[in-house]
Amino acid sequence: MLINISIEGLLYFGAISLSLIGLFGLLVSNNVFRMLLALVMFEAGANLILVLSGFRENGIAPIFLADYSGAIMNDPVPQALVLTAIVIGVGIQALALALILRVKKHYKSLDMRVIRSKLEHEIATQANVEPPGSHHAPKQIVRAGEHQ
Amino acid sequence: MNHLILLVVLPLLSAFIIPVVAKHSLTISRLIGPVVLVFILALVVLSWNSVGSNGFAIFLGGFLPPVGIVFYIDHFSLMLSGLIAGMLLIVWPWNSYVAPRQYSLYMLLTAASFGLVLSADLFNLYVFYELLAVATYGLIARQKNPAAAVAALRYLFVSATGSAMLLLGIAIIYTLTGTLNIAHLATMTDQLHGLAGLSAFALIVIGAGVKAEMFLLNTWVPEVYSTIETPLAALLAGLISKLATVLIIRVLLMLFQQSEVLQMLLVVGVFGVISGEMVAWRAKDMLRMLSFSSIAQLGMIFIAFSIAGEVGLWIGLAMMLHHLLVKGGLFLLADKMQGSFDNLRGYAKRSAMAVAIFIIFILSLLGIPPFPGFWIKLMLILNLAEQNNTLYHYAIGFILLATVIEAAYLFKLVRYLFQDEEAATIVSTPKSLTFWYAQIFALVLLVSLAFISPISNRLKDMASQVANPDIYINTILPSHLSGGNP
Amino acid sequence: MSFVEIISELVLMPLIAFVVGLMMVLMMRKISARLQRRIGPPFFQPIYDIVKLYGKDTQVSHGLIHDIGIVMAVGGYIGAEILLPVPGMEGIADKGGIITLSYFLMIPSLGMALGVGQCANPNGSIGISRALTAMLAYDIPFIIVVFGAAWHYESTSLIGMIEYQQANAWGIIEMPFLAIAGLFALQGMLGKQPFEIYIAPAEIATGPMVEMSGKYMGGLFVMQTFQLYTAGVLYASLFLGGGESWLDLLPKAFLVVAIPMSIAFLFPRYKTEDLIRILWKWPVMLALIGLAFIL
Amino acid sequence: MTKFASLLFIAGLAFFLMVVTGLLPLGNSPMLIGNAILDSAKEQVGAANVVTSVVLAYRGLDTLGELSILFAAASAVGLLLTKSSFNKPSKNPTNTEESDSGFVAINGIDLIFPLLLVVGMYIISHGHLTPGGGFQGGVVLAIAFAMRSIVRPRGKSIDHGVVTFIEAFAGLSFIVIGLVALYTQGHFLQPMLDQGHFGSLWSAGTIPLLYLAVGLKVGAELAGLILALNTDEVNI
Amino acid sequence: MNLLDQFFVIVAVALISIAMLRNIKVNSIVSTLWYVLMVVMLARMSSVAYNADTITSAFSIELLGFRMYWKFTALSWFFSIITVVSALASSLFMSGDWGKQYRQQGGNYGLLQLALILNVVSMLILLASGDLLSLFIGWEFVSWASFLMMVLMPSKTAKKAAVKYVIYAIVGAMALLAALAMVYASSGSLDFTQITDAFIQMTDNMKFGFVLLFFIGFAIKMGLLPFHLWQAVAYAETPGPGAAFLGAISSRMGLFTILVVIVQFIGLGNLEEMNIALPYLNMKSLLAWIAALTTIIPTYIALQQHDAKRLLAWHGVGQGGYMLLGIMMYDSIGSAGGLMHVLNHASYQAALFLTVVAVVYRTGTSDLNKLGGLVTQMPLTFLVMLIGIIGLAGLPPMNGFVSKWMVYRSLLVNGEPLLFVAAVLGTLGTILSVYKLIHNTFLGQLRVEHQQVREVPWSMMVPMLGLSVIVFITGFMPGLILPWIASIQETIGLPVVTYHLGGIEYAKGGLDMIWVSGILFYGFGVGALIFYFLGGKAKRIHQYDNYAGGHFLSSEVKYHYSNNFYPGLMHLIGNWYRGSFKWMENVIVSALSFVSKLFENMYRSRQPVMLLVLVAVVALFSIYKNYSGAGS
């Protein structure tokens, strides 16, 4: 199936590659802004796959122009859907950007590891407990039956 | 009946106009939301009887399905709508200073919730799901606590990735079948039950699972719930997670009701239960404990839904309602009893009422007779035992183990509450509205005890209605019983 | 069984036991004397001792429980000895069996313990704690022996056991291991060397015996006569076929009592721990081997 | 380690996605709704651009939802980046001069600005006839304002109140059109009004009006977003 | 409305009245009267106990497809009368001066009364249960009612113990729930009779699981090995008479359910057929061994205690073993002994706890190292304790002897030498430890601070004396109780014992307690005759007037030998107290803790999207695996 290289096969391959490259970037980067960019790529890939589903061989754009002669039209629905999806993506990205700005402002860092630990620390401080995963030795050895 | 679309439209409308109105009168802008919610609640109650046992379909724009978007309304979705409206009224930010746009976000959240409950179109569901997500991010990030921004950001990454996967799943389904209407899809399940269709379903479940606090997709839960205001946490844990679950269940019931799928749901549920309870056991502060416990409860709901047929459905519904009451109540209570266990030492002396309510809630959560939680857990376990599959039997063991761990940490906290010496840092909070709500929740829980039979019958009716794809298809696609082209 | 018979048994049995017990005490003292190359006391020495003790002027009581302790000690053995079937007087014996009897044998210990406890003498308490520990030690082999016997004779009634032995063979022939273990237990039960650590505080001029003055000590002497009698007859009934007549029974009983006496004065005294250790090791092992043979 | 694991996962995911897409009917999918819409769009909606019919008529609610998402995002961004939500004032008045963009850029933008507005409005108003429409046009409009604010970071390129008003008004009008349809025709967002001559500017009933609302809304939201993000000068 | 309905109405009204009158002074008298009324009602229902009848309540609940109903059988009646009488004694005990002192010390007396009646009510609900579901609900009620009782004590230890108890109780409840699920899975119903059917249908492995689940559930309540750790501390750390009540009967609810479920409906015969390892070890003998070990280990733990309440509570755990051991012998006298031991144990345990509470009432402590010599100050309390410990140690002529005798007899008949030795070992340990109790409390030297101590008032004396009368009477004439036992045996399908007023009729060695007691008292009489009528009159001297190793004991230097009472024994067996069970408990907790740490770190993931991708890959992989063969 993949060997039979057709135009739509290539398109699909490209779309999937795009989204997976985005996903890979999302996984390996620690910089939050890069993660956002990777997310944008991933969403773009997903949108591509969506819009490809309306692709027809030899199809034309689904617009009834004056000289329309009954040619095969591409599916209008995915185009409409992807329009929506793109705008949704834009909204989310803008929001993420704003969040990144705010995080940067407050924590002076964009490294996910740093802000994660600062977040945990802050939560723990607010609740007045030790942050989870702190590598201090346990304060006291808990004897039998004292757990509950 | 077409006016039930107002459930979605009115909140959107009010969300749009609130910022403008606020420029002229803050007071009016504050009142718009509650007024709309009350109106919707009334609408839901009034239309309860006019919705028959077959449900009712709204064809948006007058386009007959499957081309247009369809809303499907039955008692189940009406009940959920009522709960949404009620819950939002309860967590509505009355007394704190709130920017008008935050009210807008609340109203958008409302609209999205209604849309999620009512819509019968895959892509439309996606849109509402995203609206819900964006409104949630906004509300989380808006908290006074700067840590909330980080939590929201981390949540956003997971959730947006999930959403993209959901979109991918929808794209695959559309390519495969050429339609998005769930009822229409339900008439061609044979096409969906292949590798591609199931993969698409898996992607959809992963996307929706992020909000449904599914195992491994729920890492955001503790961070978010411990940074936001407790009423909002009550809303998210109590209601929003359930809506995502409902989305999964709808798709599952209509399109992918296969034993393998159900078993995967079961496994996910079991892991959720075990992991949630175990980590909650380690928690040293109230909110963290509650959020992990919430993960576990959601896992339990998944386990319930993994039982094929009506039985699983109605037990799952009952668990959802119970969890809404209990976990919502606990989070509302946590508004008063926040902080580490150490801070809560001797709290029983300070507020006996709060502790009493807390104990009622946790007893019901643990499934101690005669509280409603017991009956639900009993039905769950008995019905799991009836399944002809050892996987389900193992699940019983895990549920029981989880209950023990749950008891361990809840009563550890109770011990702190009843300790004699009071914590020095204990904060005395004035009687707040949330506390009253928590009391009301507890009262509802106790009163429901007297109505176990009628409630369970009603839920069974709903379940039989929801579980039957034929009713759904008949109502939405009157002419396409056996599939075919529109 | 008529009322008269019951009454006569109830009256006669303690009397017989007392007389026989006195002779056993005498025998004990004679044996010890002979082993120590002495002549030993005259025939009536035991009764003289008792009369002397009862006749004393200085009699100190620490309170009611002190008295009751002695009463319980004596009474427990009297009860036990009434439950023992002896030739011609088997009427009451079948009202309780071997289990009841072994429980009766614990009552004197408890009575002594109560009485001494009331004395408030710390060394007395030490003695009691040792005595009770010793009881724990010797009762284990004893109870295995009892179990074996009861299982073998298929009865818990001593009368049934004796009948069985008289019809078949003596227990000591059929169950030699159990019989030996029983002797060990007997040694402990009688509190003879090497198992007499609980008397030890008495030797450093204090302890239980010291607080017992006059008739208290006399009570204990009386108790000893009953104890020896009970032990001898019980063992004889369990392993030596009881007695068809007194002429038959008494020699057996005396023989049984003589064995521990003879051993006793050859040994030093064990510490409490060692006492438990040895009693839980050898007799228990023997008894279990014996059990394995008969089960 | 993380990278290796990620690579492994991604490779696995790639494999499965390839397999799945390989199973899909590429290029000749069933497009059941697509065909039905292509068959009936002309009569039912009357817009030459079928995509527009889908966006505004068949799936009008999606569009409304999407507008709401934009609105939500804009609201949230606005809430997040208002000064009150920051701990300390970040404005540093000394760098006003440095960040000005120079004569060419400023005047060039000023020159293009009305042109962009016109193009945007054109795209919006011809959305039902040609490729394009409210979203695309709205983005052009937003960009027009955004460019102005980029070259004049300190200048007041657009009034916040106006943006708020426009977005509220646009959203309101979209919904009101839908509601009017609900109470006159019986269904929310049902096409109303005379469909006019197919293919002309004044055709397809309410579609152009809706698209206008969408365009304004998108434009206002995006402009608002860009403004909000631009007011803060955090270096990433 | 039949008698049972009336009874329950009275119980309900009692509960309401006690709850309402919580803070009113007459409450204590009123609540005692309620218990009296309950006893009267039970007496009116005595036909159940004598004729093995069943009274079924007209009241039933139909819920979620289950019908729950309640009924009284001989078994329920037997346990109910013990419950109510224990409650009556406790209530009477606390109604007078004890309650006053409790209030003065800051205790919530009304709440204590409420906890007591709640315990009684929940136990009655459990005892009357007519099907598995109502049994489970009653079971949970009992658990939580006793929890309420336990948390009333303000001490930290008490809270800790109570919370530990909750966890154990939940483990038990969950095991029970699993067993219920097994019944339901194979029959679709939760009637008692379905247990039998379900059991027969199961495979061998399932049978083990089934029996063990039920047994674990019940054993935890009863504190059988290896679930004995929670009970003693929890019961001991309960306010005064509450401890007496709980110690007397609460944990016996586990025995009741074992009798109903395992003995009556699964059937001991069936257990016997379940072979575990060697031909000698089947399910029944396994349970018997558990029982035997339960008699030994807790008893020797009790021997170590230096707190009177804990010592008694540990004995309570240990005595449970005799009951189960007797029942597991599956013959007429063994089971009769086991059943009778419930009543006997309840009576002397309640009496003993009450005496300890009385001592605490006067002296303020139950630490055995800080007491001593109280016999001169509190002679009646001493008497009650003496009777109690004779019962507990199982010496004639008290009732403890009768039931233990029956158990021993049955072990003898069945040829179980090792079990027999185990049981005797338990008894001997008990004797040692109860002597320590009475010696360190009442004998030895009186401490200076206790010289003003007086006998407790009558409101406390009466229940104590009443209980000791029961201990004696039922020992003297076990035939009063044995008809009830016989009915129970008939009801639950055990061989029925032949009895007469004095005891047991049994070929080759029965028991006649009237004779035994008679002989013993005759012996005592002769002893007293010898002691008092021969020889002169003894002179009563002061306690300190004795002689110890060269120096006289003055009142300034107290030399009361109490700490480490059995040094020799402890030297020998002390090494065996390794806390293995605590260690096991700890291992489980640590293992769970380790797993939970893993999960916690998962939730702290730096890159949560990774988990999402992982899920996607796994999900797609499993789907691919399922479908790749079949194609699409």
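In order of appearance the chains are A, B, C, D and E, and numbering begins at 1 in each one.
To be clear about the criterion, contacts are C-beta pairs under 8 Å (C-beta built on N, C-alpha and C of every residue); 3 or more make two chains touch, one makes a residue touch a chain.
Here the structure is a predicted model, which means the values were calculated and not measured.
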- Note on the structure: Any chain touching chain A and chain B at once appears in the list D, E
- Query: Among the chains in this structure, which pair is joined by the largest number of C-beta pairs in contact?
  - Reply: C-E
- Note on the structure: Chain centres computed over CA atoms; the one at greatest distance from chain E is chain D
- Based on CA centres, what chain would you say lies at the far end from chain C? D
- Query: What is the distance, in whole Å, between the centres of chain A and chain D, each centre taken as the mean of its C-alpha atoms?
  - Reply: 20
- Whole-angstrom distance, CA centroid of chain B to CA centroid of chain C, is 79
- Whole-angstrom distance, CA centroid of chain D to CA centroid of chain E, is 75
- Item | Gap in Å, rounded to a whole number, between the CA centres of chain E and chain C | 36
- Query: Taking each residue of chain A in turn, which ones touch at least two of the other chains?
  - Reply: 23, 26-27, 49, 52-53, 75, 77-78, 81, 84, 88, 91-92, 95, 98-100, 102, 106, 112, 116, 120, 132, 147-148
- Where chain C touches two or more other chains at once, by residue number: none
- Considering chain D alone, which of its residues make contact with at least two other chains? 2, 6, 9-10, 13, 16-17, 19-21, 23-24, 26, 29, 31, 33-34, 37, 58-59, 62, 65-66, 69, 72-73, 76, 80, 85, 87
- Query: What is the complete set of touching chain pairs?
  - Reply: A-B, A-D, A-E, B-D, B-E, C-E, D-E
- Partner chain A, residues of chain D touching it in the complex: 2-3, 6-7, 9-10, 13-14, 17-18, 21-24, 26-29, 31, 33-34, 37-38, 41-42, 48-51, 53-55, 58-59, 62-63, 65-66, 69-70, 72-74, 76-77, 80-81, 85-87, 90, 129-131, 135, 198-199, 218, 221-222, 225, 228-229, 232, 234, 236
- chain D touches which residues of chain E in the complex? 607, 610, 613-614, 616-617, 620-621, 624, 632
- Quick one: in the complex, what on chain B touches chain D? 2-3, 5, 8-9, 12-13, 15-17, 19-20, 23, 58-63, 66-69, 99, 101-102, 104-105, 108, 111-112, 115, 123-124, 127-128, 130-131, 134-135, 137-139, 141-142, 146, 149, 168, 172, 174-181, 184, 194-196, 199-200, 485-486
- Note on the structure: chain B partner, complex, touching residues on chain E are 62-64, 133, 136-137, 140-141, 144, 151, 154, 156, 159-160, 162-163, 166-167, 170-171, 174-175, 177-178, 180-182, 184-185, 188, 592-593, 595-597, 599-600, 602-605, 608-609, 611-616, 619-620, 622-624, 626-628, 631-632
- Item | Of chain A, residues touching chain B in the complex | 19, 23, 26, 32, 35, 39, 42-43, 46-47, 49-50, 52-53, 75, 77-78, 81, 84-85, 88, 91-92, 95-96, 98-100, 102-103, 106-107, 112, 115-116, 118-120, 122-124, 126-130, 132, 147-148
